[in-house]
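Here come two complexes built around chain A, the first alongside chain B, the second alongside chain C.
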Partner chain A sequence: MAEKPIQGEKRAFMTGNEVVAWAALAAGADIMYGYPITPQNEIMHYWTRLAPKYGRSFLQTEDEISAGFTCVGGVLAGKRAFTATAGPGNTLMQESMSMAEMMRLPTVLVVCQRGGPSTATVIYSQQEVTMTCFGGNGEGFRIVYSTSGQQDLFDYTIKAFNTAWKYRFPTFVLGDGYQSKMRESVTIYDPEARGIKMVPTEPYVGKSGMPGVDRDPSHLRNTYNMEDELYEVVMEIKKEYERVAPEIVEYQEFDTEDAEVLVVAHGVVSRAVQGAVKALRKEGIKAGHFRPITLRPFPVEQLKAAAGKAKNVLIVESSVGQLEKIVKHSVYGLTTPITNYFKPGEGVTVEEVVEQVRRLV
Partner chain B sequence: MSIQPQMPKVWRTETKPHKFCPGCGHPLVLKALGEAIEELGIQDKAVFGCDIGCSLLAWDFFNVDSVQTHHGRTTPVITGVKRANPDVIGIAYMGDGGGYAIGSQHLVNAAARNEKITVILVNNVQYAMTGGQMAPTTLPGQKTETTPYGRDVNAQGYPTLGPEMVSAITREGAYVARGTVANLRQLKRFIKNALQNQIEGNGFSFVEALSLCPTNWRTNAEQTWKFVEEDMAQYFKVGELKPLGEKKEG
Partner chain C sequence: MGKYVKLALAGEGGQGVQSVAGIITEAAYEEGHEALYIPNFGVEQRGGVSVAYVQIADEPIGSPKFKTADIVIALSDRAVRRTKKYVGPKTLFVYDANIQGVENDLPTNAAKILAIPAIKVAKEELHPRVFNIVIMGAVIGATQVVTVEKAKAAIEKKLGYKFEQDPKLRELNFKALERGIELVQGQV
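Right, the complex of A and B next:
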C-alpha cells in the first residue's frame, strides 16, 4: 500500500483548491468524478496529479449532470466518492443530489461559489446558499458546511466524508472563489494523528454473497407509486434529519455575550466581520458576531439566544438576502430589528462592516 | 395440474406477477437478460440499473442488486459504480427516450470513452409511461400524442439509429447489436455477447431491443406483432453491427 499522503502534521501555504485535494486524499477518498468549471478546476488538477500515487481514481465526465450521477454510482459501490463544482454546474448537479437526498446516499460535493445568476462571474459570491441548502425537488435534507478559509476547507472536507457516511445525507462543503484561488497558511494533517477516525464505508450494491440465496438483493428506487408510500418515506427522512441535526449543527460566536449589535455572516465574509468587531470594541462599541458554520441544519436555537440579547441584528452577505431568508425564518417571533448589508458577488471589507454597525448605534 | 414455465433463478418470484402491461415487450427482454445472467454465472456480480419510464418497473424484478435512477441518468450511475468497483458487471437498462433523447449525451460519451459497461436499450418507438408521446425513434408518419397527424420528418427529423451511431463512434473492444422481441433466442444471444464482452473487459457493449407497446400503439394483438416484425424491422435493421471479439484497427 502506498504511504499516507500526509504524515502527522505539516504547515503549508496553499490555495483553497489545493487544500481540498489534499484533504480528500488525507480523508481516504477513493475516487473523484469531475467536470471543469471555474473556480473549482484546480481541485481536479491537484487530485489528478496526486491520486495515482496513492491508488485513487478519477473520471472526467461529459458534464456536471454526469459528474453528479457517476459520483452517486461511486457511493453506491461503497466508495468514498466526491465531486466539486460551482455556479451553473451546481445547478446541474442538483438533480443527482436530490437522488442522493431521497436514497440517503453519502455523496460529498465541494461547491466553490461564483457569481450568479447564470454564468455571471467566475470569481466569488455567496449566491449559491439557497441552491446548495434547498436545491432540487425536495425538502433540503442535506448538510452544508460554510467555510471561511483554508483551514476550514481542510478540516471540513475531511469532516464532510465522515458526516456523510455517519448520517447518510448528501453533504456539501460550501466555499467560494476567493478561498479557491487565494493562498494562505494552513496546517494539513493526517486525520489519525488528530484522533479522527474515518467512518467506514460500505456498498449499497455489488455486496458479497449470492442475492436471493445468501441475502436479499439490494433493490433501491426513488420512484414511488402511491402518495401514502412517499409520505412515509419523506416523513421518515425528516424524522431522522431532525433527530441528528443537533449533533451536526456548528457555529461560532465572537463577543456576543453583551453585544448590542449582532452581526450575522457566514463564510469568508465572517472574517471581515470578525475584524470589524475587534475594531469596534476598541472604540467602545458593543458589537458581536454570530457565524453559522452549518447552514443546513441551521443553528436556530443558538442564533435566537444571541439575537434575543441584542438591540439590533445586522446581516452581511455577498448576495441579496439568501442568508437573511434563513435567519429571519430561524428567529421568527423575536422583536429585535433586523437590517442588512448586501453586496451580491462582491467582497466585504472590515471598514464597510464597521461603518454599517456605527450607523446602527 | 398446470405446467409452470421455466424461469431463470435470477427471476425474483416474490415480485411476480410483474407490473408491466399485458403484451408489453419489457418482460421478454428481461427474461432474455435474466437467462443470460444465469447462464454466464454473474448473478452475484451483476448490478442492474434502470431508468425512468416503463423500464423503472424492473427495479425489483431480479434477484440481482438493482438501482433505479432518473430519466436518462442510468448510464452515468452504472458508469460510476463500475469505475468505483471494476469487479461488478454493470448493466444499464433504459428505453429509447432515456438513451437517445434526455440521456443521449451520456450514451455518446460513455461509448466514446469505451466504458466497460453493458447498455440495453428497449426501443418501443415512443414514450410509453407518460402516455405515448413522440420519441427520437418514432417512425415517419407514426401517430403519437405529440404527433397526432403523424411524424413529419421535415418538422421532427428522422428516427434515431442508435446502434449505428454507437457503432460509428466506438473503436475496438466495443460490442454493438440490435435484436428484437420477435426473435428472442437471437436477442438473448446478443445480450449474452454484450455481457461476455464486459466480462472479458473489452469495452462498451450496447444492445438495442425492438419492443412492443400494445397500450399506446392502440393496436390489437395481430397489428402489434405486425408493427414490430414488419414496420419497425424495416427501418431498424436487426443484427450484430460489431460482433464479439472483432478487433478493428484504430
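Right, the complex of A and C next:
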C-alpha cells in the first residue's frame, strides 16, 4: 500500500485545479476518467502526475460522453471514481449523469464553469448553474456544492465523495475558471487527521454470493417499459431525495441578523459580496450576505428566514438569473422586493456590489 | 488596516508577466501574507495582451479580479491601452520607456505615471531574457510588497534547476532584480 498523499495538515499555495487533484487523492479516489477542456485541464494533468505514485488510475477517453459513462462504469464496479469538465463538456456529461440519477450512482463530477453557451470563452462564469443542478432528462435529483475558493475546493471535493456514497446521488463540485486558475493559500490535509471517515465504496455488480439466496439481487435499470413503473421509481427517488435534503443542505450567513439589504450570491461572487458587506457596514449601511453552498438541494427555509427580515433582497451573479430562478422559486410568497445585478461571464468586484447596495438604501 | 496591494501587470505573450506575478505572489505567501494571483487566460499564448492580477494583503482576499489597481505595469503599446481601465486617482502607472507612440494613450487620471527603461537596461546591461526580473524588481521597489530576500528565495525556487546547470544565471537574475529596484528608487 502506497503511503498517504498528505500526512496530517499542511499549508500550500496552489491553483484550484491542483487543489482538486490533491483533494481527490486525499479522499482516496481510485480513478479519474477525463477528457481535456479548459479551464479544467490541469486537474487531469496534476492527477496523472500524482496518481501513479499512490497506486491510482486514470483513463483518458475519446470525449466527454465517454468520460461520463466510464465514470458511471467505474462506480458500478465499486470504484471511488470521478471526472471533471467545463462548459460544453458539462453539456455532454449530462446524459451519463442523468443515468447516474436514475440508477442512484454516486458519481462525482467537478465542474469548472467557463463562459457562455457553446464554446464561448474559456475563462469564467456562473452560467452552468441550471445545467449542473437540473441538466439532463429527469428531475435533477442530485447534489451540487458551489465553492468559493481553494479551501472550499479542497473541503468539498473530499466531501463530495462521502455525500455521493452515503446518499447515492450524483454529486457535483461547482467551481469556475477563476478558482481553477487562480493561486492562493490553502490548508490541505489527510481527512483522517480531521476525523473525517471516508464512506466505504462497494460494487453494484459482480457481488459475491447467490442473488436471491445469499443477498438481494442487484436491480440495475435505467429503462422502463411502463408509465406507472417509471412513476413509482421516480417518486421513490423523489421521496428519498427530500428525506435526505435537510441533512445535506449547507449555507453561510454574513451579518444577516439585522440586514436591511440581503445580498444573495454563490461561489466566487460571494467573496466580492463579503468584501462589500464589510465596506458597507463601515459606512453604517446594514448589509448582509446569504450564501447558499448547496445549490441543489437549496437552503430554502434558511434563505426565507433571512430574506423575510430584510427590506430588500439583491441577487448578484455572473449569469442572467440562473441563481435568481432558484431563489425566487424557493422564497415564493415572500413580499420583500427582489432586485438583481447580473454579469454573465464576467467577474464581480467589491466596488460594484457596494454601488448596487447603495442604490437600494 | 494592514498591507493591501493590488497590481495589474500586462505585456505581450512571452514577455514573462505571468512568471513575474507567480514569483511575486509566491514570495508574498512565503513571507506570511495572503496572496492571490490570477492570470487573464484565454488565447493570449496565440498573440494577445497577457494580463496578471495580483493581490497581496494581511487578510484573506475577496474577488480574484478588481476594478482599480494600486499599481499598473504595462510593457507594450497594446498593454498600455489594455490596462488603462484599471487606473484610478490613486494608481501608479508604470510603463516601459522604450514603448513608442503611446503618448496619447497614457491614462490621464493616474496619481503618477512613471516611464522606466527596463527593456533598455535588460538589453544593454544584462540579458534580454531577464527583462521580466527587472520588472519584478521595479514592482518590489515601488510597492515593497515583499522583501528582496524573499523575492530572491522565490526566484531560486522557480529557477533553481537552471541555476544548478549555470550558476552565472543566478547572479544575472539577482542583478536584474536589484537594477529593477534601483530604476524606481526615489521616483515613487
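Going forward, the second predicted complex is superposed on the first by the 351 of 361 C-alpha atoms of A that agree within 3 Å, B and C clash if a C-alpha of one lies under 4 Å from a C-alpha of the other, contacts with A are read in each partner's own complex, and residues count from 1 in each chain.
Just so it is clear, a residue touches a chain if its C-beta (ideal position, glycine included) is under 8 Å from a C-beta of that chain, and two chains touch if they have at least 3 such contacts.
Everything numeric in this text was worked out from a predicted model, so none of it was measured.
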After the overlay on chain A, what do you see for chain B versus chain C, clash or fit?
fit
Which partner does A:F172 reach: the first (chain B), the second (chain C), both, or neither?
neither
So, does A:K207 touch the first partner chain B, the second partner chain C, both, or neither?
first
Is A:D63 touching the first partner chain B, the second partner chain C, both, or neither of them?
first
Report for A:Y33: first if it touches chain B alone, second if chain C alone, otherwise both or neither.
first
Superposed model, chain A: greater residue contact from chain B or chain C
B
Contacts of A:A272 with chain B and chain C, given as first, second, both or neither:
second
Between chain B (first) and chain C (second), which does A:L76 come into contact with in this model arrangement: first, second, both, or neither?
first
Taking every C-alpha pair between chain B and chain C in the superposed model, the minimum, in Å, is 29
In their shared complex, chain B is touched by residues of chain A numbered 30-31, 33, 57, 59, 61-63, 65-66, 69-79, 81, 95-96, 99, 203-213, 217-223
Which residues of chain A touch chain C in the complex?
13, 38-39, 121-123, 177-178, 181-185, 268-269, 271-272, 274-275, 347-352
So in the complex, the part of chain C that touches chain A is made up of which residues?
22, 25-26, 29, 34-42, 61-68
Please name which positions on chain B make contact with chain A in the complex.
9-10, 12, 43-45, 47, 52, 56, 59-60, 62-70, 73, 76-85, 87-88, 105-106, 108-109
